[in-house]
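In the two complexes below, chain A is the common chain; its partner is chain B in one and chain C in the other.
Let's look at the complex of A and B:
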């Protein structure tokens, strides 16, 4: 079974803004704020008039990214207390999105996955969402056995937070689920054998 | 001639066996003494009587038992059937194709009568006699792909064609070699082939995709794929891997002949008329090593193929723990004599 070097592994190409879009939705988490802030000097007021920015500070709380984003004066700026509540707002945004709307997602690997999963639920093609990885490499992983998703996985193997099986995290990635695949690592071994987890997705 | 359907199981007591006649028609996939990945695609045209190519959708003595096993899998895990909403028209295309092919190949077992949109489908082996309206979902007990998939040997994937790529947007998959439909649904050709070693670097998937995008209506194609399975288990899904994985540790020099099976997939690809999507049928055939060595040419050749198989493929196919034991056992059936070209028994 191939674990690494799998071509479905997502490539995050960056959130270079698409000036031809009529409306811009940004879903940003933590250090992901910098992905927009870095481009801001080159963007004008007319651009920000067409922007909606959702931001969850997460691990980057206290670094002032929220204030910096607010100073851009987007048409809508909403800081949410958690990623969960950001996703709730994102669903609201997408439910009234019109043709010509662009979605940009920047933040940790797991955050990007969760946003992609929400976008897929609105029939958005994964290829049209621009993504940028900033911050945590911890992964969102689907257990192939019980189908439960575990967030923020930084070790492999890890115990599935739903069924408890020891899962090896593969590079195989589903954009629809926004998740990597976790597969039982010790199915072919005597029950006594155990492996020490290693921190691999920092 | 009517097929004698066997009563057998693919789990628990594993009573699955091939009759001598069925061994003879087994699709042994190796036309030479070694194996490497290649774009092995050829036209899927009817072949000689008494071979699996006699009908384009092959039905054999395992039909009834396989359908019973599929029903069990679907009952435990309905996610083995998935279809994205835009695939409904393609589903009807598939239902039509599989009904037509099975009725044409086996009129004593299946019949399809059409009266405009009112269709009557009789499946005698499974005791089904249904009348429905083609195109009207509510006139069938399941969505069309699941309905006909519960009556067709082999896993079914429907791939949509757009943006110069193929997208796995529907499927009924219960006999797979360790890949998950639930995980792969919505992926494109390169993404779902992501876990395959070596082939990407060899350009095989680029060439295969290019070829498939031009697949023509009425000109289906086929290829073989193969792996090995311990015990004649159809449901070697990743979903249940934590239950069957241990089988791989149970092979011994004494039981290898009975336990280890060659698992061949006859894959056929069909352009669909209304939707322009494509049907990919993955028909699985299982044969134990004991059965395989009853054909001397196959015994010699498979021994050589397995012995020289690149380690990457041994690992990918999950054979690492029992390959050597199997090669050792097969060596007793290989006298070193040359083998004739082609896949058929001498």
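Let's look at the complex of A and C:
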């Protein structure tokens, strides 16, 4: 049922650090910590002196990634209890950032979308933010009918958490919103019998 | 350029605006409106210079919303191949020319929060329409404009008067003023875009400074004004057309091919857009690449040539045309 070949589907190219940047912000969620930890041995102290790391452990809590990140001794390290608090801090970081700043985001699909949405609010072009998908493939989906956003969608079709319509999750992605588009799947036969979710994003 | 895409125009005004710079106003002879264009666009002007057709690209600097006329500014090139000298010495009000439809290879990024424009000399032209657009949309911008002297620089007084000294910063090299590119780029807020148009030296300097201050490449925009370089004459064999054309000293391959009646694809005529890319079938000698389109590897590979600006030295060149 997934519509294939939609080119707006984001491609996460990995968070290879850009050594020309003057300042580096990392927004990491859960397993996303590994994306930075994996390249850490190749990076020096001078790099981490120009580095700010925000981390929300999410479902990777207890795996010790927070301690491993703190041991890198970045200029600033903040572990936040939730993704919301991380996004709040990210806004603070970006509001004083300059064009020499590079933002790296690693984590679940929904987390990446939310960070991209914050970055776009500061005028950052999606192409200039480096992203890496780690962990959950659950999607952040906008209902194209009521415009409500539902986080952590792992099935398609699913019921919109705002208006209740049954939505097909498309690969069609809005860079502006950082969300996939969900379209009503049963407009012609609204009370159809069973709707078995066909695709699972996990 | 195919014949259907050209627009006939008449020169309604031509006047000097600075040392070696003339402003030309073009209108349709039938009084109909010209096509709308977006700030940063250019047209290719075809001129009949004593039987020889010259085609040069010029940025449109009139109000993008005013479809009654187009305005361009022309600097007399020091070693003019004919085009700019023709406009300065021969062209007069009432004369007719043809122009291409406007093409924009240097558009402003509408998502930008702030725009920094860096111009050198005649490179000011695309920015005039851009600034009108930014001012209308109420988007923050700054112009940093380097000129040789007060007399050589065009429009800077008018620009300061319309947009204010806080947005328009002129620099005159005759007065030892230097455009501080690196400091300018160092502390810009997120969402800023920088545009540069002017001599290669300025463009390279901005590209270097942007990279060294950590700017992402996507936020740096350049337009290089490349006039086809002259050089030694040579012959080119056109395999598909089955003829050989002679490329004169002051002529590009593209111009020679067009003079022979062959319709070769092209758009910018300045080595930037990639339209005129042509495959090299045989080459006994050296390709002299002058474009900014092909990658260094492609240039070294010798399989492709941008015929609007690049040349050849050697004994035999055959192209897939």
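Operating definition for what follows: the second predicted complex is superposed on the first by the 194 of 202 C-alpha atoms of A that agree within 3 Å, B and C clash if a C-alpha of one lies under 4 Å from a C-alpha of the other, contacts with A are read in each partner's own complex, and residues count from 1 in each chain.
We adopt the following convention: a residue touches a chain if its C-beta (ideal position, glycine included) is under 8 Å from a C-beta of that chain, and two chains touch if they have at least 3 such contacts.
Computed from a prediction, not measured in an experiment: that's the story for all the values here.
After superposition on chain A, the partners chain B and chain C collide with one another. Looking at the shared chain after the overlay, A:128 reaches chain C, while chain B stays out of its contact range.
Contact with chain B, but none with chain C, is seen for A:9 once the two complexes are overlaid on the shared chain.
In the superposition on chain A, A:196 makes contact with neither chain B nor chain C. When the two complexes are overlaid on their common chain A, residue A:100 makes contact with chain C while staying clear of chain B. Which of chain B and chain C touches more residues of chain A is settled by the count: it is B. In the superposition on chain A, A:174 contacts chain B only, with no contact to chain C. In the overlay built on the shared chain, the residue A:144 is in contact with chain B alone; chain C does not reach it. Overlap of the chain B and chain C interfaces on chain A comprises residues 127. Per the touch definition, chain A reaches chain C in the complex via residues 18, 20-23, 94, 97-102, 122-125, 127-128. Chain A contributes residues 1-2, 6-9, 120, 127, 142, 144-145, 147, 165, 170-177, 181, 183-184, 187-189 to its touches with chain B in the complex. Of all the residues in chain B, the ones that touch chain A in their complex are 79, 163, 178, 180, 182-187, 190-197, 200, 238-246, 248-249, 315-316, 318, 321. Against chain A, in their complex, chain C makes its touches with residues 109, 111-113, 185-192, 211-216, 218-219.
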